[in-house]
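Before anything else, here is the set of structures, which you'll find just below.
In the two complexes that follow, subunit A is the common piece, with subunit B as its partner first and subunit C second.
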Partner chain A sequence: MNSTFKDKIKSVFSNLRNRIRDFFVKGKQEKSGLQKFLTTDAFKNFLSSVICVIIGLLVGIIVIVIVNAPNSAEAIASILKGGFNAPKWQRGVGSVLVNAIPLLLCSLSIIFAYKCGLFNIGAPGQYVIGAMFAFLGAFFLKAPWYVCLILSAIGGALWGIIPGFFKAFLSVNEVITSIMFNWIGLYLLNFVAGPEAGIMYNENLAECFILPKSSLLPTLGFDKMLSGYKYVTVAFYIAIILAIVVRIILNKTKFGYEIKATGNNKDAAKYAGMNYKRNLIITMAISGALAGIAAGCFYLTGYEVYSATKQTSLPAMGFNGIAAAFLGCLNPIGSIFSSLLITHINVGGGYLDTTYYSKEIGDLISSLIIYLCAFSLFIRLTITKIQNRKKELAEANNATPEKNPDVKEEKVGEKECH
Partner chain B sequence: MPLVLEYTLVFTTVLALVALGGMFSERSGVINLGLEGIMVIGALAGAIVTSVLSKANCPNFLNVIVSIIASMISGWLFSMLLGIACIKFKADQTITGTALNIMSTALAVVIARMYTKTPSSQVDYTRQIYMFSYDGNVGIFLIFMLVATFASYVFLFKTSGGLRLMSCGEHPQAADSVGINVYKERYLGVSISGILGGLGGFAYIVQSAGQWDFKYGVTGFGFLALAVMIFGQWKPIKILLAALVFGLCQTVAIIYSGTLGIPQFVYKMLPYIVCMIVLVLTSKKSRAPKAEGQPYDQGKR
Partner chain C sequence: MSDYVIEMINITKKFPGIVANDNITLQLKKGEIHALLGENGAGKSTLMSVLFGLYQPEEGYIKKDGKKVIINSPNDATALHIGMVHQHFKLVEIFTVLDNIILGAEPTKYGFIERKKGAERIKKLSEQYGLSVDLNAVVEDITVGMQQRVEILKMLYRDNDILIFDEPTAVLTPQEIDELMKIMKNLAAEGKSILFITHKLNEIMSVADRCTVLRKGKCIGTVNVADTTKEELSEMMVGRKVEFSVQKPEITPGEVVLEVKNVSVASKIHKGEAVKNVSFNVRQGEIVCIAGIDGNGQTEFIHALSGLDKVKSGEILLKGKNITHAPIRERSKDGMSHIPEDRQKHGLVLDYSLEDNLVLQKYWEPEFVNKGFLRRKNIRKYAEKLIEQYDVRSGQGPITICRSMSGGNQQKAIVAREIDKNPDLLIAVQPTRGLDVGAIEYIHKQIVSQRNSMKAVLLVSLELDEVMDLSDRILVMYEGEIVGELDPKTTTVQELGLYMAGAKRNVGENHE
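Right, the complex of A and B next:
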């Protein structure tokens, strides 16, 4: 080995060591990297989400104790264990993943619309229409799985365009339109998948027929990895890729910039020459397509057979997508983790002993988390306040009243996290 | 009484009560998307209290009054979750309302199961004591609704208290500058919406059936009430008329379901489709309170 190469390695190592030391140890004049990191927005968002989850879980635990104290220890354990209650860990991981994938896609749908200043509460409706198109593709056209998936995205997009159109051209609030079309979508699906239309309804079991093999999503070796658990499929990759794509569209493209500009101040965006109506409708179409493909990624796995007679209220997936989106601080990558966490809690709720508890305790915890996420601005302000107070104390001790230009004070009027 | 008229009155009562509640909240500047959830909680409290009191052989008169008050108080308490979050902590009103809707159904199932001590979340109660006639469907809630409608008309447009409340939904900064406590007025608006919403929820389940499974919530009636409120242009008398139209739609959807050779799902969709058509037709002249949805921050003018 020649000496220049050794020197290079040495310098790399010493550089690295210095960087690590700088990160943790405070320099004489400037702040260490760790301290800088603690005051970034990203960290504050993360911390506020963690606080939301902890408070939500604590209240959930209190509810469990109130409902039935003698068995509460076991119940709390099963909520915290989530999917790992299953006798085999592979099954547990599998069932969490199967449910987390559509949840992630729903939360991406919410995030995409929210960046444009739209609250897409229509995700459940777009989800059921996506399911309807996927079923029609599978049973009626006997199409392969990828065609069914694309159809489900198209269905969701159509159902998303409607509120967008109503808002753009008739100035009807998208929230109220979405709510109405949620129910219209549900009844439409229940007609198509139910006994009235009768094209895919199995009267003996009062549910849809089992999907044909060609329409099921391929498992791509996941079944071998999870010892025969066959419901984790290509949907896993699709969801992760879409999360990254959404992040890229929002942060790196002109369209994403226009969406965010519209969301921040639609009049300014109009004045700057952006086509408000076009952007709004395209945003709702993409948002709807994401919710629609979520249904495709759920029902085309064969994990659950849809029953039109039992499903009389809107599926919870779309609403939980709102929880995942806000818990993930409206960040596509953050929502990957938040949707896993929410699914973990909900799956754990399913393992509660139903003689004492209802599985709705899982839903209760996730709704508490959404509720607390609404407080996130307040929580982040409090974190900033505590940090500033600590800084003041430290400065008073050091008696070096040097002002640090790096520290940014959070603005009171700031509406959302980035 | 013909069944069509009877059902129309039942649904009109519920929709008008809840929509009036929503109107007070929005007039004070807070969008109350959690009406559905408030209805569920009010219905749950009323159903459990009336069920307990009937078992304790409480006189009917007292039973009715106590249960109705219970539904109002629980609705008010639940609405305060929205009020505190949106007024004191300036949280996003749409998100908070949605959270309350999801929370209410989960909470109602958990509490109903605690009460029944069985795996089912169905609560039984005697509904006859609320009705004008033994086998009728129209109950004393009709009186409450009529009184509430005219009282809110008088309060909003004929008293200074109502004008104060409305000013906070139009221009809170201006209201504050003339000495109106915006936070207090908004709490008042949300409180009234909670009270009327809770009562409306109880009216809905009692007039619909003798037992209620709380896993179904209140089947989207809170959202319909929001549409009624918009159709009624945030004005009490117009809201009553709008509720009548929607009540009739809902009745037709239920009574004629499956007849005339039209598939059942069309009837189920009917109220929502009518709602959309109405919203489109009225959208041009529709004027919501100007400052609704915006948290009021005293330090930021």
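Right, the complex of A and C next:
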């Protein structure tokens, strides 16, 4: 039984390969505008991400088939359908969106730091501190939602500045500091939001108090659009706008020019008189603020109530942001799509029939995709190689008839050169 | 049978926007030293990369000992006993010399490295070819000359008999160059065939048997070195007559622009000082040159002067203003331009486009930035102006990624950027390192024209010819001190060499 499935998969795979090849060869021979487009980096980036996703999905499907072949068709369908599995699809789409928004913001945080040559693995820590600041704003200041959001950004920024400061002035590697600050941040939040501090802890439910209405993000009519699903909020616009803003800062501004120069060549940046230390700290602050506001955009929807006793490991959001950033080829706009996709598959995994499959299958597939993201550079290089080889082959085919008398040609060449 | 060990027949290799090699034929005889001469970007490196399997040619083929071979990767090249010493050495800095040589071809027994066996073989080789190295020294501690010998031993250890030297003398001192020339002659005498990429005509005249000249990707011809002259070769290479010495009108220097008072700089390697108590000044309309053998404190001094590193003690005045501790940007605004020693490390952001690199010292000016946003149109216009004016050649103009440009054009871009800042003081550190005669002539003219327009120029150079040719005054630096101030008109190269080697001094404690 398995073998027929494998054959099918094989044939699908080889078919796909051939098609991709045909696509390139055609493009090369026609030498049209399309061909030019096919060799641009943007297209290669896009294609390599798509291939990562496809391979990840295929491997995931194989796992599903191996675990329980008779029910696999249904399971595959529900993975692919993602949020559309919900009895009311609008609500399913809503649940994808509400999770994709913080993921996007975390990936923007990663991208921003990465362009300055920093690896912000501290996004989870900045995320939890962002959540803490948002809660404090909501429960103590009784602040309206926008103040809470700004507070969450400030919290994240603070948590980003600390490793930035250590790196700038003491040359301490930001990866090490920020990993430590991840845990410090988590336990700080768990202390504040848990029974130890007891200031926002509901002992009966073992979680935080319910957020006051004024602190909840406004839905701006999304609830009507999504048949009453009330957790998609203004955060959607905020995230998209921030993605565009990040892109503009990186590509159009003097500050972006400076931080990318720093990321590419620290010595040249210094030589050009750029203030490395200042830029580094500002970058970490912005990166942290993005991760912090991600938490605000998640918890201030009321979708999930934070539980200090249950949350004993770092939230996956910050780490998944790394995956979304790389799957989006470190492009702020690309990461909009990559974070939507990752969330889509995760949500789909939640709809699997748990009598046959454990619900972690969805996580497995998304982690496969994430894992394969590490290969996206390799895939990009392979694409370039295939393109070049096709080109060479095509030219060699055209050229062979004239070039056969190779032995005599040698002397001709000699004369020409002397 | 063929007389040739390697033949590259009608090689054509194209890159986007440029034909790097256009129908080039190169034939190497056994036991000869064959020079490959050409300007930067003429296609020498591309041709060698084709031979070494890094690129596949679109047309043409390669023959080894008369048989057609296909070289798809450096591994194939190694299997055919073709070895290459790259311009930038490929050594593991923290490994010992021995480990570097055997790396990738380690003699092993049950999976353990047999260092003794390797060492014995290397000793034999080094005696046979006269290559002295210290096998137990760590590579980062040894001189550049010895690093190069390590690279040569690496090739010999792998039984290579076709040796490619990619601009081997660019990083060497005059003494080390002489040494290398001897080694190359030895190797050829022992039956190795050598391909020698260079653009230094003196070296070709002294060691090469034949010479193939490339210009703009085309093969101009192959000549017997004995039958030709330096002038003829340079004309073949550049396509016109080249002036070897620079004409300088007499001018009386004006006011003092740069004043250095008792400057000391701490060393990064040892506890002492890399620069000790240096004082001098540079006036308008003169070129002051700091000469010396590499590693005698010139780099550290220039880093301190330009603000890349800290000054330990002493004072630096630029146009009377104390800039000893001023940030780099402020020095730049006050009229200091700096052509850095290492163009790839400091001079350029290699992954930036040419236009972005051309504004690297200016991007903050209102012409290029408005309320924090870059004014792309102005940047493009400015870049196009500089590219045209300074003849910077590249595949795609202003949007070319600098990494893909040839070394000479990278340097031209830096020179264009720094000179166009219209500085009061131009610091040029080894501005012609690794460049061909055409580019050198060009850059020398630019430097002299700065002097003629009454700018102050501080030149740091390891090339004696350049020092003698360009400067109005020579300061010799030895072990971090200025040991001599010489007038190029009344001094000889030999005398300069004595100062550089520390055998003579006329400034400082032992004033003569």
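As a working rule, the second predicted complex is superposed on the first by the 363 of 418 C-alpha atoms of A that agree within 3 Å, B and C clash if a C-alpha of one lies under 4 Å from a C-alpha of the other, contacts with A are read in each partner's own complex, and residues count from 1 in each chain.
In the analysis below, a contact is a pair of C-beta atoms (placed from the backbone, for glycine too) under 8 Å apart; a residue touches a chain by one contact, two chains touch by 3 or more.
Model, not experiment: these values are computed from the prediction.
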In the superposed arrangement, does A:F209 touch subunit B (first), subunit C (second), both or neither?
neither
Mind working out whether A:K270 is in touch with subunit B, subunit C, both or neither, as first, second, both or neither?
second
Under the stated touch criterion, which partner chain does A:A261 make contact with: subunit B (first), subunit C (second), both, or neither?
second
Would you check which partner chain A:S367 touches, where first means subunit B only, second means subunit C only, and both and neither mean what they say?
first
Determine, for the superposed model, which of the two partners subunit B and subunit C contacts more residues of subunit A.
B
On the A-aligned overlay, A:V67 touches which partner chain: subunit B = first, subunit C = second, or both, or neither?
first
Where does A:I121 make contact in the superposed view: on subunit B (first), on subunit C (second), on both, or on neither?
first
Look at A:K252 in the shared chain and tell me whether it touches subunit B only, subunit C only, both, or neither; answer first, second, both or neither.
second
So which bits of subunit A does subunit B touch that subunit C touches too?
413
Taking the complex as given, what residues does subunit A use to touch subunit C?
252-255, 257, 260-261, 264-265, 267-275, 392, 395, 399, 403, 406, 409-410, 413-414, 416-418
Sort out for me which residues of subunit A touch subunit B in the complex.
63, 67, 119, 121, 166, 170-172, 175-177, 179-181, 183-184, 187-188, 190-191, 196, 312-313, 316, 319-320, 322-323, 326, 354-355, 357-358, 360-361, 363-364, 366-368, 370-371, 373-375, 377-378, 412-413
With touch defined as at the start, can you tell me which subunit B residues reach subunit A in the complex?
33, 81, 85, 89-92, 94-96, 98-103, 105-107, 109-110, 113-114, 119, 121, 215-217, 219-220, 223, 226-227, 230, 263-265, 268-269, 272-273, 275-276, 279-280, 283-284, 297, 299-300
Touching subunit A in the complex, subunit C uses residues 7, 9-10, 23-27, 56, 58-59, 61, 63, 68, 212, 219, 221-222, 306-308, 327-332, 338, 340, 345-352, 356, 360-361, 363-364, 369, 372-374, 376
